[in-house]
Structures are given as structure tokens and as C-alpha cells.
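Which chain is which? They are A, B, C, D and E, in the order written, and residues in each are numbered from 1.
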Amino acid sequence: MSHWLPLAAFVPLVAGALTPAMARGRPGLARGWALAVTAFCTFATAALTRRVALEGPFSYAMGAWAAPLGIELRFDEFSAASLFICVIMLLVLVYSGPYVRRALPATRIDWYYSLLLINLGGMIGFVITGDLFNLFVFMELVAVSSYALVAVGGGRTAALAAFKYLVAGAVSSVLILFCIGVLHALTGSLNMADVARRLATVESRPPVLLALAGLTAGFLVKAGLFPVHVWLPDAHAIAPSPINAVSSALVVKLGIIGLLRIFPLFAAAGAVSLAPLFEALAWLGAISVLAGAFFALFQEDIKLMLAYSTISNIGYIVLGLGLAGELALTGAGVHILNHALIKATLFLAAGAMIHQSGHRTLHDLRGIGRAMPWTTLALLIGALSIVGLPPTAGFPGKWYIALGALESGRPGFAVVVLVGALIIFIYFARMLNAFYFRAPSHKEMLGVSEAPASMLGPVLLLGALCVLGGLLTHWPVALIAPAVGRLAGGE
Amino acid sequence: MDDLWGNIDYAAFVGLFCIGLYVVVAKQNLIKKLLGLNIMETAVFAFIVTSGMVDGGTAPIIGPGATGPFASPLPHALIVTGIVVAVSITALALSLIVEIYRQCGTLEADELKGAE
Amino acid sequence: MSFACAILIFVLGRHDFWRAALTLGASTVKLAIVLSMLPGSLAGTVYVYELLDFPPGIGIAFRADGLGMFFALVSSTLWVVTSLYAIGYMKGKHARVRFFGFFALCVSTTVGIAFAENLLTLFLFYELLTVCTYPLVIHDETPQALKAGRKYLAYTLSGGALILLGVVLVQHLAGTLTLSTSGVLSPAAGRPALLATFLALVAGFGVKAAIMPLHGWLPTAMVAPTPVSALLHAVAVVKAGVFGLLRVIYNIFGVDLLGLLDYTGWLALFASFTIIAGSVLALAQSNLKLRLAYSTVSQLSYIVLAASLLTPLAAIAAIAHIANQAFAKITMFFVAGAIERTTGRTHIFELAGIGRVMPWTMGAFTIAALSFIGIPLFAGFVTKWFLSLGALQAGAWWFVLLMVISSLLNAAYWLPILYLAWFREPRGLPRGVHEAAALLLVPTLISAAYVLLLGITSRIPGMPFSLAQAAVRFVTGI
Amino acid sequence: MKKPLVAVTLAAAAVPMLIGVAALPRPGDPTAPAHTHVAAHYIEAGARETGADNRVTAVLLNYRAFDTFGEVLVIFAALAAVIAVRSPATPGGRADDMPGPGPGLPISPVVAFIIRLTAPFIALFGAFVIFRGHVSPGGGFQGGVILGALLVLLSLVLGRGAERPLLAVPLARWLQAAAPLAFTGVGLLGLALTGALLGYPAEPERHALRELMMITLDVGIGIGGAMIILGLFLEMRGD
Amino acid sequence: MSQAFDLVMLALLIAMALAVARSKDLLAAAIIFSGYSLVMCLLWQHRGAPDVAMTEAAIGAGVTTILVLLAIGRTRRREK
């Protein structure tokens, strides 16, 4: 058995709990410690990803208890998202160094890193677990640390934004827990594979339907889809920038991965058919694509703009899930990973600008392209990617989703994909206009200096990854192909 | 309807859940919302604990010579965990509430919207 | 290639000299490369280069076939000329690093379009072209320029989205995006789907090709510096749109399929309307650059019209006109820019007697104007001749009539300028105004010479016109 | 929120839930899947496999120890969160800008006396709950919370600052992380002995070791829980 | 006896939850919530879940209530 699997979640969590004790009052040590742990996780998840690519999914029985009795960890192709999580977290940690030194009081910095590590461990645990209740526990771990990280920067509305986030998150968590309870009452098991098997013989329809609908709704709230997105913009715009990158690029994706985890539970169930649900998801996703992009058009605050663009992109992914064909699912899967890269690039670059200049609206940031050329370049690459221009990372997801829409004979959704991309292009054009071509609103803008190396480095690296992620699309596509095949074939 | 009467316990917990939900969405005071959230949580806990109940059963503490039937231990273990999670969220929410009050001087959601 | 140069320009661009040298050097080397591929291409070799397998099954790949060669040749030749001109024109203006950097990028994306092996690659470079030209359009950074830029982006990006829709549809219907001589779509796909694809692609490329009613961005974009206008109108942008249309017609649908579907009749109708309406609008303009712009709108539709006739002779006309119009129009823009730079005049009525002061410049203008009108021996005549032949071949005699009307209209809006320039006394020109600076004049003369050359040498093998014929063989397989 | 919207939300939640739960197996039905599948195994074989009479403890610390690990981290995260989001202490006194009444629940001398008197017994009870968790109701968490409540009460009675020695920070931070530490030790030991993280040796001659490992976890959870409860309390009180 | 006891308990729970929802006095609401948790404990104890009951008594009724009271002490007591 490969012990990398449990350790990938176990180590960062323990390390997170030890950070305040070890690095009391020594921010440098806390950061170094967090970096070392994350590097370990990156290595571990890379090894695991390699293995899943070569051999297919594999399991680990915690405490050697066979599956339905104990907790099974299962690393399948979608779990490879953990590698992206680690890489982005690593870069966020590097980036955090200079950022938190200015943005946070010194006494909080070790707690900040502690929460980040717990967040990381929770996310890894969430994507690798094969047990429903364990999924819930890790979800809450991520949630608690995220709520706190949103508010960690202080400021007038930060606590309020975090509270809104908390209420939305907690209500959805309660709903999810309730549905897990229903599934347990129906099957007597919590192991996902076991539940799927036993649901096949459950005859009474309403509870199964209830569990399916409740879980879907709960995870959609977590993912911040349009009608239930109200918590997202504030939480993502007010938090410190490194946290934006984590929550917008990674945390909301857990809602999507949650959906990917629960659908197979019901795939074999005779009592319900997933088709109407997928239909609804496709529509919700399409609405979210347009609504998110539309709201983003009217934002002056650069971070709010990015937050709404997240809603739009989550819409793409949900649309891909809802179309449910092999191509569309491939698109959704690839976009989960690539959007993480893109959004991290955008938020970190925008964060660097705000950090260096002290301004955050498009109007105030005019002319920053000349003061911070490299950061703006990374932002530009990220912007082109999120629009979906080939060959950047944003393209393949939209490409496959559009093809999937045609494949399923619903060209209307393909049009939605393109229109969404177009609207996104408009607001990023606005942004670039402001950065490059407008006369600065503030004289001192031209005197702003480029971000320090430990902030610039991650930003540029992510920018490069945005391009690479597009050029090397065949790699993730090949990786998730078996999982997509299972998902699409299982309907 | 017969089914619902047979599962009157579950129906009651759904009722509690909805009362909690009502408090969360309809009440403006943040502390009140939080209490509503706790009501929802306990309702779900009660639901899960009840699903582990068995007729004439006793606690699943099975020393030598104990005779069944026993309630299922699994939901109990889950809910012990769940309660701890709930209190964690409550604690965090309360400290956020204190912060909000310190900064804005009110805890009413509608007034906070104006204060933003 | 010129991509690397663009990066170098951004990095090294602080120094005027290096920038100029780089731009010129790179453009010359590029021309040389393209030329070196020419003999092979004429002999029937097709250079293929697969860059990478991007999403599985669809690579970013390049292939130099006849039509691509032709377009690449035209644009890289013009790049050399325009670079020379731009160096003179931009002297002393702001943000030159950005200007030349994006200038080089534009041309490299144009060549990318020319050599695209499949529709996706084509789309990719097409969109890149949009992005790269945007900073050029708004170069002056005035509110007016920014507004024009917004309009430009709105039009071209909507077009781009439509193209992407078309690309997705083609992939879905045909399972491949590779351009092929006989087209990749088959009638089996069903009429509604084919119609949707055709509409999406044609409307998408039609935006840049400025087919009415999609032409709105073009006159507005005239606020850009003149070399950019030249680039937009003669070389890169509009020709990319037209080129895309040719690819769609010949290589995606294929002549046979379109013959079956009769969509091209409608396209021809739109193109005819644009030819006439563009000319009429051009007549109404008093700003020289705006008149040029509407003339472009009109001229581009010749190409579209020719292509939509689907006959071999018309195809020759279409392809040849890419070059003819490019050289003639760029000459005119150079002249307009030279006049503006030297005398500060932009309106036609201010041009009285300018031919006396700037004879060489106006001479070049005259050549181009005569070519547009379609006087024999000039390049424009060749196009119109073959277009008429093609129309007759297709049995559409009324297009010939159209051609005549259009020539008359052309005459109506060019001849007054010539008259003003040559036969009226110069009025109100400040003393000491002389011929334009050498850096502005030389490129103008070169391109004017090309216009002559293109017309005169149309029968000599190895010259551009025969290349166009070769291109047609490649593209249509006729 | 507007009234109609509230009504719609509630109806959207209530109606499907009622219909859904109505069709669930009747609570208490011994033939329901919840009793015949995994739970039956826990009850039947739990003593043999884990050595714990209290099957809840068996599930918490043995079968599903990873959940419990996550749970101790959730509450640790709550503490970290509460510390991280409170505004920094204003110089020259605490939270001067705070409007409203001051802190404190006034405690009558009688109650204070009773608390002092019963403190040792409460402590003993807490320890009992922790150590006897595997044979009777209770366990690390319950005992830890009792101890934590005791510390809270004592801090109320003895006044501010009385808890200082206990919270003499570097140590306190280690104690707050006691539960994850215990899990690390036990988990890695299990890895060494059984080849699976958080595994327990099953051989009869190692039953004592197995019991020790579970008690270690309980003690760790208890200490950590108590310290975190105290920490949360002090943070909330505004110290 | 079981059935009647359960029904009374459930009715009590719902009544208390409604009282929490209606009370304008947050302090009162918190105290009622504490009582609600204790009733919940009794119910669970009765249903063979002493562990859960114990945890709920200590955490739900105890710690949560104390924390809420502290928070009310630092903010304001009445709901508008």
C-alpha cells in the first residue's frame, strides 16, 4: 500500500495544528514550515497522480479496516486535482510572505499559516476520500478555515463578508449532512462505492430523490452558482489577495468535485434517473455563465470583477456537467483544473497591484501597466486565458463544452458558451485599457515599483502555467479520460 | 400520510429544521440567525441519531453478558463529531459577530447593508 | 520568426537605431524566407510543419500551400515597405516601442493565418491579430481613439465568437478541422446544420472583411496612425478576413458542396451591394482617409464576390485581387500619410495643387487610382477582367454590368482628386513645403512600382499573377 | 428577505423533505438497513476487533478514527480562526471603542463557593469520563469538554488572570495541539505495527498496547479539547 | 410509555424552537436554546445514545450557551 495517500492529507493538518506552537512570533519560521510541508504534499500528490495515470484508481484502507467498516481513501483521476491544489498553495505561500508582513498584525501571522495549512489538508482530504461522512468532515475543515481566512485581513466589511459566507456555507453543510443521514438510513453504509451498490436495490423513490436533490443543492451553494452565489462576491473580493486566489481558484471547486463524487452514487440506483437533474444543471450553468459575466461588466473594483468571473466560470463547469456527454464532461473536468490556474494568476497579479499601489478600482489603477510591466503582463495572460483564447488554458474547457453541447444536439448551449466568452472579453478589455492606455488618474502611479520578487515570481510562474496548461491540454484530457468514461457510461 | 405518521419523529425534525431555516432567512439579527443555524444543526443531528434507534434497544455499550438489541453505534459516533463541528462554527461566528458589532455598531442585517 | 523579433523589440526597443534596424532586418529576413519557399511551392511542394498536438486530434500546425504562400508573400513584402514607412512616419511620436512591437506581432500573426493548416490554427492567429492590432488602433490614446478601439473590439470580437461557433460546428459535423482542397464537409450533415455553419463562419470572417452591414468599425478605426491604417486596410486585418472567407469557401465547404447549396448566391448579392454602396459612401467623404476606407470596403467585396462565383477564373481574380488591392491601397495610404505629415492636410478640398508641390508622391497616388478605376495595363484591370470572365463562365452576366457601374463610380471619386491635385493652383500652402521626406517617399514609390508591375507582368510566368493561378490549382483542385 | 420569498424557501425545503422522510424505513425497525449492514458488524465483532465495550468509542477511535482526527482539527481551526479574526488589542486598554455593556456574568458568592468546592470532583469526573470512555459512555471529547467547562468556571470564580499560569503561552499552544499530536503518535505507531496509518495491532498478546493507544488518543483529545474550550472562552470574553 | 414520552418531547422541542424564533430578547433566546439542547439530550439518552447526549449536554447546552452569552454581553441584548 502506498502511504503517500493518507499522509498527503494527514501531514498538512498536523503541521497546521503545530504551526502556532512551533513558530510563535516568528513569521519567517511559520512560512518556511508551511512551505516545507506544502512541498512535501506537492511531491506526494505528484507521485499519486503519476500512479493513477499509470495504473488507474487505487484505494487505501485507513487503519486497515476494509471498506464499508472503515474509511476508504480513494485516489481516482479527479483526485489529481490535489496536485493542482498543492502547486497553487505552494505559490500562494511564497507570495504570502511580503503580503502578510504588511497586511496583517505580526501576532496573527503564525495563525494565518496554520489556517492555510489546515485549509490545504482539508482540500486534499476532500478530494481523496471515498467516504461520505469523511467528505463532510473535510468539507467543514475547509469551510471553517476559509471563513476565518476571509476575515483575517480585518477591515470594515471583512467580518460581515465572512459571516455571510459562513451562514451560506453552514446552511448548505447542514443540508448535505442531512442528506448523508438519509443515505445512511437507506443503505446503512457511508462508503461511497458501497452506498452506490446498495442504492441499486432501494425501491422507495422519494428519499433517494431527496438525497440527490439536497446534495446537489448543497454543493451548488458551495460552488457559488448563480442563484445561490450571493455570498461569493464579497467573500472573494474583501479577503486578502492570496486568500482570494485560494478560495476562488480552489475552494469553490470543491463544490464541483463534491458533485462529481455524488453522481456515481445514484448512477446505478434504479429508483431515480439523473437525466432531469442534468437538464436542470445545464440550464443553471448556462444562466450562471451569462449572469456572472454580465454582473462582472458593471464592477469597478477589480477584485469584485474577478469574483463575478468566477461565478461565470463555475457556470461553465456546471454546464459541462449538465450536458453529461463525454466531451462536455471532459471540458468540465479540464476547466476545473485550468480555471484554478487562471484564477490564481489573476487574483495574485491583481493583489500585487493593489499591494504596491494601494488602489483597487479600475479608475484608480490607470496607467499601472507602465509602472508594473511584468505583473500586468501576467494579468494580461490570465485575462486572455479566461476569455478562452487558444492556446491558453482557458480554451480547452470551453472548446470541449461547446462540442459537447453540439454532440448532445443542443447548439443553444454552445452559443451560450461563446457569448459568455465574448462578454468576458469585453470586461477584460476594459481592464487592459485602464492599465495600459489611459492616462493615470493618480500622478504617483508611475512611481509605483514592481512587486518584490517573492510576489512577482509566483505571479509570472502562474502566467506561464496558464499558457502551458493550454499547450499541454492533452495531458489532463488523457488523465481524466477514464474517469469521464466511467461517469458518462454510468448513466 | 400513514407513512408520515409512522415516521412522526422524522417529520418533527423536519419541522425543527424548517423553524431553524426560517430564523436564518427571515430574522435580521445576526445572533438570532446563528441560533437558527444551531436549531437546524440539532434537528439534523436528532434525525441521524433517531435513524440509529432500534425498538426496545439499549445503548451500544456491550460488556460481557449484555443482551440486545442495541442501537446502532455508527450514527452516534457521527453525531459526536457533528456536535463538535457545530460548536466550532458557532464559536467562529460569534467572534465574527463581535467584530462586526465593534466596527458597525449594529447586528441587524438590514442596517448593516446600509452601513457597508 | 517575426514573433521573436517582436519580443526583441520590446526588450531592446529603447534605442531608436536598434529598433529600426531590427524591424527592417527582420522584415527582410522574413521576406527572404518566404521567397525561398516560393520555387518549391510553385513546383507543387507543400511544406507542412506540426507545431504541437494541442487538444488531442487538433494540432496547431502550419502548411504552406499556394494560397497561403501567396498571402504570406504579399504581407511580408508589404511589411518591409510599411516598416520603412513607419520608421519615417513615427519619428518623434510617443510609445514607439509598443508601436513597433505590436506592429511586428501583427505581421507574424498574419503569416500565421496564411500558413494555418487547420481552421483552429487559423482562428487562433485571427484572434491574436485582433488583440495585437488593438493597441495600434488606440495608439493616440485620445478619447476618440479609445472609442474607435472599443468599436473595433466589439465588432471583431463578436465576429471571432461567431467564427469559434463555426469552428466548433465544423469539428462537430466533420470530425476534423484540417483544410482540404475538396472541403471537409459533406452534404450528409443536413441543410440546417450546414446553413448555420456557413452563416457563422461567413458572418464571422465577414466582419473583418467589412462586408456591409458589418463594416461599421472600419471607417471609425481611421483615427489610428497612417501606417496602422495601411496595415489594417491593405495588409493584415481586412485581408485576413477575406482570406478566411476564401478558406471557408474553398477548403471547408468546397466548391462542389457550395454549388449544391446555393448559399453563395446570397453572399454574392451582399458583396455586390457592398461594392456599390461602399463606392457611393466613398463619394460622400471629404476626408481623404475616410474616402480610402470606404473604397476599401467596396474593393474587398470584389474579392468576396469573385470567390462566391465558384468558377476557376473568378477564383484567379479573387486571389490576384488580394495582391492588387493591397499594393494599390497601401500606396494611397502612404500618400495620405505623407501629405498629412508634410502639410498637415487631411481633407480633399485642401489638396488643390498639391501635385505641383509633391509630384512624386502624387504620381504614386495617380498610379494607384488608375489601377482602381481599372485602366488596362494597371493591376486593377486584371482583376476586373478575370472577374468578368468568371462571371460569364458562371452565367451571371449582370455582374459584368455591376463591374462597369463600379468602375464608373471609382472613376467618379478618384478623378476629382487627381484633377484637384494636378490642375489647380496651390492655395494657402505654406512656403517651403516640398516633397515628403525620403523615408516616406521611397516606400510609397516602391509600392506604386509594384502596382505597375503587377499589371504589366500579369502574363509573365513566375510573377505574382501566375502565382495566383498556381494558388487556385492548389486550393480548388480545379 | 421579503416575506413571500421566505415562504417559498421554506416550502421548497419542507415539502420535499417531508415526502422524502415519510418513505424512509421506520425509526426503530430492527430490519432497516441502518441496523443490518455495518452497524451489525460493529455490535457483533466490535469487542473482538477493538477491545472497546462502548461501540461508539470503538467507531470513533478505531473504525473511523480518521473522522475523529478531522474533528479535532475542526475545533482547533475554530480556535485559530477566532484568534485570527479578532481585531488587534488597542493600545492602552482593551477594546475601548466597544459600545454597550462590559463583559461579565456576575456570579454570586454562594455559587462561587460551590464551584470552588466542587472543582476537584468535577475534575475527577472529567478524568473518569476520559479514561473510561471505552467501557462506559464518554470519551476524550466529553471528558475534555467537562474539564474545559471546569477551567472556564474557575476562571470566572478566581477572576481575570487566574488562568495565566495554565496558559503561559508556548506550552499552551502545544497543549492546544495535543489531540493532533496524539493522533500523530498513535497513527505512526499503528503504521509501524500494522502497515496502515491509524491501524491497531490485533494480535491477542498486544491487546494491552491497543488499549494504551486508544487511551492515549482519549487523553490527547481530552487535554486538547479542554485547552481549546478555555481558549475560545477567553477569546470570546475579550482578553 | 415510549410513544407518549417521545411525542411530548417532540412537542416540547418544537415549542422551544418557536420560542427561540419569537423571542425579542436575545438573552432569553439563548437560555431557551440551552433548554432546548437539554431536552434534546434527554431524548437522545432515551433513544440509547448516552454518548451523544453527554456531548450535547456539555457542548450544545453548555459551551455554546456560554459563548453566546459572552457575545451578547459584548454586543447588545435586544433584537430590533
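Throughout what follows, a contact is a pair of C-beta atoms (placed from the backbone, for glycine too) under 8 Å apart; a residue touches a chain by one contact, two chains touch by 3 or more.
The shown structure was predicted, so the numbers you read here are calculated from the model rather than taken from an experiment.
Contact with both subunit D and subunit E is made by B.
Distance between Cα centroids is largest for the pairing of subunit B with C. Of the two interfaces, B-E and A-C, the higher number of touching C-beta pairs belongs to B-E.
Nearest to the overall CA centre, using the mean of each chain's CA atoms, is chain A. Centroid analysis (C-alpha atoms only) places C farthest from subunit D.
For the pair subunit C and subunit E, the distance between mean C-alpha positions equals 78 Å.
Computed centre separation for the pair subunit A/subunit E is 37 angstrom, with centres defined by C-alpha atoms. Inter-chain centre distance (subunit A to subunit B, centres taken as mean C-alpha positions): 28 Å.
Averaged C-alpha coordinates give centres for subunit B and subunit C that are 69 Å from one another.
Among the residues of subunit E, those in touch with two or more other chains are 50-52, 55, 59, 63, 67, 70-71, 74-76. Shown for subunit B are the residues that touch two or more other chains, namely 9, 15, 17, 21-22, 47, 50-54, 57, 59-61, 70, 74-78, 80-81, 84-85, 87-89, 91-92, 94-99, 101, 103. Annotation, chain-chain contacts: A-B, A-C, A-D, B-D, B-E, D-E (touch as defined at the top). Those residues of subunit A whose C-beta lies close enough to touch subunit C in the complex are 384, 389-391, 396, 399-400, 402-403, 406-407, 411, 414-415, 418-419, 421-422, 425-426, 429, 433, 436-439, 470-471, 473-474, 477-478. The touching residues of subunit E, when paired with subunit B in their complex, are 6-7, 10, 13-14, 17-18, 20-21, 26, 29-30, 33, 36-37, 40, 43-44, 47-52, 55-56, 59-60, 63-64, 67-68, 70-72, 74-76, 79-80. Note for the complex: subunit E touches subunit D at residues 50-55, 58-59, 62-63, 66-67, 69-71, 73-77.
Interface residues of subunit A, counted against subunit D in their complex, comprise 1, 3, 6-7, 10, 13-14, 16-18, 20-21, 24, 60-65, 68-71, 105, 107-108, 111-112, 114-115, 118, 121-122, 125, 133-134, 137-138, 140-141, 144-145, 147-149, 151-152, 154, 159, 162, 178, 182, 184-190, 198, 204-207, 209-211, 213-214. Those residues of subunit C whose C-beta lies close enough to touch subunit A in the complex are 52-56, 60, 120, 123-124, 127-128, 131, 134-135, 138, 141, 146, 149-150, 153-154, 157-158, 160-162, 164-165, 168-169, 171-172, 196.
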